[in-house]
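Handing you this structure, nothing more for now.
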Amino acid sequence: MNFREVVIAVSIALMVLLLAYVIEAGGLGPIAPQRLRELAASYLLNTYNPWNIIQSAQSLEAVTAIVWDYRGIDTFFETSVLFISIVGVSLLFRGYREKAGISNRGLSEIVKTSTKILSPLILISGLSIAIHGHLTPGGGFQGGSFIAVLLVLLSVVFSLDFVVERGLSTSRLLVLRSLGLLGVLATSVALLVVGLLTGVNAYIFQNMVREGASLSMPPWFLDRPTGGTLLFFNVFEALAVAAGLSLAFIVLSLRREEVEEALEKGEWYE
Amino acid sequence: MSRALSYLAVFSMTYSFYIVFSGTTSLFSLVLGSLGSILVTVLVKSLLISRELSLSDIRRLTYLVLYYIYYMAVAEVRAHIDIAKIVLSRKINISPAIVKIPYYVETNYGMTLVAGSITNTPGTIVIQVDTGRKYFYVHWLVAKTFEPARAREDISTSFEKYSQKIFG
Amino acid sequence: MNKLLAVGLLPLFLMGSAFVLPGLSLVVKNQKFYRVYALAVSLIGLTIASTVFLETLRGEVVTYWFGGFRPPLGIIYIVDLFGATLGLLSMFILVLSIAYSNWMVRSRSEYLYYTFMLSLGAGSIGCLYTGDIFNFFVMLEVLSLSAYVLVSFYRDNPKSIEASIRYALVGMVATSLYLLAAFIIYGSYGTLNMADVALKSRHPGVSTVYSGGVFGNITFSSAIAIALSVWTFTFKAAIFPNHFWLPDANPEAPTPVSALFVAVIDLIGAYGIVRFLFTIFGDGSVVDALRYDILFVLHLLGGLSAVVGALLLLIQTDVKKFIAYSTISHMGLAFMAITVGTERGLAAAILQLISNSLSEALLFYTSGVAIVAAGRSIESIGYLRKRKLESAAFLIGLLNLFGIIPLLVGFWSKVFMFMAFLEVGYLSSAIVLVTSTGISGIGYVKLMNSLLRETPKAREDSRLGNTTAVKLVIATTVITLLALGISVVALPRFMSIVSEAGRAAVDYLAYVRAALGM
Amino acid sequence: MSDPVSLLFTVLILSLVVNIGISLYGVFTRPSLVKKFISLTIFSDTLNSFAIALGFRRVVEGYPSIAVLASIPEDVSELAVVANTAVDPVPQALVLTAIVIGLAVYMFLAGLIVMYYRHYRTTHVRPAGGGSIE
Amino acid sequence: MELVPISIAAISALLSVVATYLAVRSRDMMSAVVFSAIQSTAYALIYYVLMAPDIVLVYVPVSVGILPAVTILLIKKTERYEK
Amino acid sequence: MIELIDLALVLAGLALIAIGVFYDFIGAIGLLRLPNFYTRLHAATAGAIGGAVVPMIGAALVALGAEYLGPPRFFLAGAAFASSILLMILAQAGSHALARAAYISSEAVREPILYDALREEGGD
């Protein structure tokens, strides 16, 4: 423990004490209050409210409604942060040869066969979580990470070669990721584009009928609400997240030799 | 025809799992789920099925059910009682060994079913499988013999009989 | 409120154009396509940003409701003259930098490079336009992550990776602390809308539609939220104790990105300070007493970083590091002007930010040519001697930073800062301003001196054959600097716009009225 | 404070605050980049838990419910029932966003650390470059 | 009635403090990952008790699944012990 | 009559769950008492099949018998039954993969062992 560490420790301890004091002194209201914040109550009252459709997202689940509708632009840029990170990782490891030397052994035949049987089940449960995002807990990101787990499992159990041979090379995965994001983008401006074409007022991220904007996404599909844009957002997000996370995992698990080979034929201009 | 049947088999497995997983029978879920299941079926069919199915496979499915009941009822109960005795006895009395046993089923599914049954009965675990020469290497908690053929009789004969009928 | 679609569309448009690029890479292999594409996209972005600027110039605060929800319910973009001015500035530099990258950056993965350039632009515009505290965090992350990636773009250079790691580790802590501040603000104010918080911090009894009244003891929570977020902003703006990342990261990034750093990331730091300490928790709020203390401390830190930056600049042998330290010094001066707390001070700070961004970018652009030819040491500047336009532009950039030629905007920004200090009686601050100018002046003279001694080309590079694009970029920047400098004198309207921009940041009532529609 | 639930809740929040301190200490003082990485993940997780704790509430009788409507409501009054018993959904939505953003930054950071090791053959922060990591 | 879940949350919060301390102090990175996974599990329990199922569904794959996997990959590719 | 069947179902289910509790206990004791990694894996198998699959089937039976739950009980039963089948697939694959990885990497102690066919043939 040198002097520097002591200084850091003391300043962090001061910060912690200050934070604790603020909380104890009621800076954030009473601890475990009975009253709900007014804004939260507004969301809960409006998340599924066909009697006041102007502020409603037509989604049974308040969290998904806030994430994709009330604060849709947050989530759009959140998913673009993930995009930036994944493209950044593949930029960092650019120039590797995908097929050379990647382990093609995988695990034993028993595990492979078991994984085969499991794969459609994992896929469909991920899809189910995404499709029901606006009805039950869950949503696009959750479903997408389920599916990504399957791809990671396949690449561990069967080897990366197998996954690549089945058409899921990193460049294809990147394109899938882009396609999912473009789907999200298209959904978010769909009504705006329709509005611009027909000369009607519309908003970016518009979902249902809003003040001074009469366009609306389909609120019902058969016997359940769709939450308008929420269904499409969830499905596209699931695709994007599944492709993105498995891409990042594959790139990060590349072996040393491949990366070093890419480093040697470096391209560093200043 | 047989091709459609294999698609149908994968589809029905996926779709029934979907219904159980999502837990609703609303039209919304059923319709979207069937679309999703069709997508999944198209994606994974070639991974799952290498040989197209035929109608005779229905008979095999019945065997699978029978096998499952037999397996749960007899082999598991015996093995569980054995391991309970071992664990609860005053002095742990075991003779662990890794023995080699041959198998004769043709397909990977059959092999996996046999290996899975062996592993799932407490007291025996498949440690390694040699698909070229068709041997399992089994860790046996209370080894009675080290002879491959005799060990096979003790461990896997009954599993293999049904497995051969189901998957060939 | 759908008055100006352009406001809401700009960051979405930039980000969406970035999404397309990896997909396009399978179809279009020619890297030239991506250069043209990025330039076209950023030019459209600049057009949109100037539309927004012209709209706010009429004295209006432009808002856009995403999804058509009324403000505390949904997220809104709200742009006053202050935000629009800075937005125009950063889009302008983005266009210049992308045009410069067309010449400078050669790689097999150019399309990815432009992806990050565009997302960097989207992040900075989003930060400047947003009217929501949590959305600000998201855009800050878009901005920061793009910056980390761009710093590590030359991944074959060990120093780039190291600089990027250092920057990313502490940057993540900084943005997380801002996130904590956002949570605390939600916890006690029960809302995330900046205008809503601004209203309630002045009038705790007010109850607004949808979000009701305050929830806890807002004095405590505002104090800690201010403390946490100000720490983040000083990090982003590279002010003295948190300045260490800039001289690390900035020189290791590709030169066009280094030029962009000042106009994008440091700018967001300054913008955040102004938004939080003047608009949201401004004059007359419940934390008034603490606010003056914080302003005073920031003033001190600004002065310190002005002097420290100027001193450290003297000992640099790397031209990019030299410019980075000069940035620190000038950002410190801008901070001193901001924290004077008057409208005149804010106006001077805006002028200083504009002048600083433009001239640092100009220095990077010109020295980039020398770096390509002769490496990064200070002596390599001598290579420019044969190139008339570049050496003249380099000289103009230095003189602007030095601030002794009345034709250039740098002179006027220092004059206005001086006047702002004297107006409130901060004599010592005025002395610090003069001293740091003097100290850094020594460094600038040293650099001018190396311009006189010719250095030969150290390596052959095909890029040096055709420098039309560079000349265009440099000429544009020089003309802008001159035009701004002249209009300070000749156009009285220009200075009144700058003062209005400063006033817009302080005028919370107009902000709240526009946002909440009252 | 006499109320045991408040007391337990205070314990919860204070331990989260202590976690913030410990993990920040780890970020700033441990020499290994991997250790810094792990500490950083703990740090941002703790901030998120803090927000979730902010969104919790108590109801007059029983335990609060999740912010999901169990079935499609028939009329307006059913909405008020949910609003009277459900927890605050806003922090959950914010945390959802924050978790994904954190994951994105960490994946990139992991790539950077691997690259750092390729170049320097160590994951320890080098004292070179004129100073320490913070 | 509400005492039981809240005490579970409080106890797991205390547990997470211990796990965090051990994760920060241990010199072996592998055990640090394990401790941070324990801490994540404790947090997941807290989220569950505090009625945030959405967060649990995100947090468990991310912080108990993907991040430890990425960290272990990282450790395998670099070095295991701290000086 | 229907009530009787329901009662029988619930009782059978409860009995299966009781067996599950017993085998969880056995598994725990076995993990403590058995000497090395491979033998402990056998106890873990007893915990997975006897301690998880069997009570899952029990839960399915109980759900089928609990008529007051209404139609959702079929989903509960179906989900429990489906997870029991999934568990059987997963448990064997997991145990096998663990044992194989431990054997190949030689991380775990093999003794006590009477005979090792795999080593005599040079493995793999």
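Going by the order they are written in, the chains are A, B, C, D, E and F; count residues from 1 in each one.
Going forward, a contact is a pair of C-beta atoms (placed from the backbone, for glycine too) under 8 Å apart; a residue touches a chain by one contact, two chains touch by 3 or more.
The shown structure was predicted, so the numbers you read here are calculated from the model rather than taken from an experiment.
A.B. asks: Between chain C and chain E, how many steps is the shortest route if every step has to go to a touching chain?
C.D. replies: 2
A.B. asks: Among all the other chains, which ones are in touch with both chain A and chain B?
C.D. replies: Per touch definition, common to chain A and chain B: F.
A.B. asks: Which chain would you call central, comparing Cα centres to the global Cα centre?
C.D. replies: Smallest offset from the overall C-alpha mean is found for A.
A.B. asks: Could you tell me which two chains share the largest number of C-beta contact pairs?
C.D. replies: That would be the chain pair A-C.
A.B. asks: If you average the CA atoms of chain C and of chain D, how far apart do the two points sit, in angstrom?
C.D. replies: 29
A.B. asks: Would you kindly tell me how far, in whole Å, the mean C-alpha position of chain C lies from that of chain B?
C.D. replies: Result: the chain centres lie 63 Å from each other.
A.B. asks: Distance between chain C and chain F based on Cα centroids, please, to the nearest Å.
C.D. replies: Chain centres of chain C and chain F, defined by C-alpha means, are spaced 61 Å apart.
A.B. asks: Taking each chain's centre as its mean C-alpha position, how far apart are chain B and chain D in Å?
C.D. replies: Here the centre of chain D sits 42 Å away from the centre of chain B.
A.B. asks: Could you tell me which residues belong to chain D and also touch two or more other chains?
C.D. replies: Within chain D, the residues that touch at least two other chains are 5, 9, 18, 24-25, 54-56, 58, 66-68, 86, 90, 92, 96-97, 100-101, 103-105, 107-108, 110, 112-115, 134.
A.B. asks: By residue number and range, which residues of chain E touch two or more other chains?
C.D. replies: Residues 6, 53-54, 58, 62, 66, 70, 73-74, 77 of chain E each touch two or more of the other chains.
A.B. asks: List, in ascending order, every residue of chain F touching at least 2 other chains.
C.D. replies: Correct list: 89, 92-93, 96, 100.
A.B. asks: What pairs of chains are touching here?
C.D. replies: A-B, A-C, A-D, A-E, A-F, B-F, C-D, D-E
A.B. asks: Where on chain F does chain B make contact in their complex?
C.D. replies: By the definition above, chain F touches chain B via 22-23, 26, 29-30, 33-35, 38-39, 41-43, 45-46, 48-50, 72, 75, 78-79, 82, 88-89, 91-93, 95-96, 99-100, 103, 112-119, 121, 123-124.
A.B. asks: Name, in rising order, each residue of chain A that touches chain B in their complex.
C.D. replies: Those residues of chain A that touch chain B are 108-110, 112-114, 116-117, 119-121, 123-125, 127-128, 131-132, 166, 221-224, 226.
A.B. asks: Sort out for me which residues of chain A touch chain F in the complex.
C.D. replies: Touching chain F from chain A are residues 107-108, 110-111, 114-115, 117-118, 121.
A.B. asks: Would you mind writing out the residues of chain D in touch with chain E in their complex?
C.D. replies: The touching residues are 4-5, 8-9, 11-12, 15-16, 18-19, 22-23, 25-26, 30-32, 34-35, 37-39, 41-42, 45-46, 48-49, 52-53, 55-56, 58, 61-68, 86-87, 92, 95-96, 99-100, 103, 106-107, 110, 113-114, 117, 122-124.
A.B. asks: State the interface residues of chain C toward chain A in the complex, per the touch definition above.
C.D. replies: 2, 5, 8-9, 11-12, 15-16, 18-23, 25-26, 64-70, 72-75, 105-109, 112, 115-116, 119, 122, 126, 132, 134-135, 138-139, 141-142, 145-146, 148-149, 152-157, 184, 187-188, 190-191, 207, 210-213, 215-218, 220-221, 223-224, 255, 371-372, 375-376, 461
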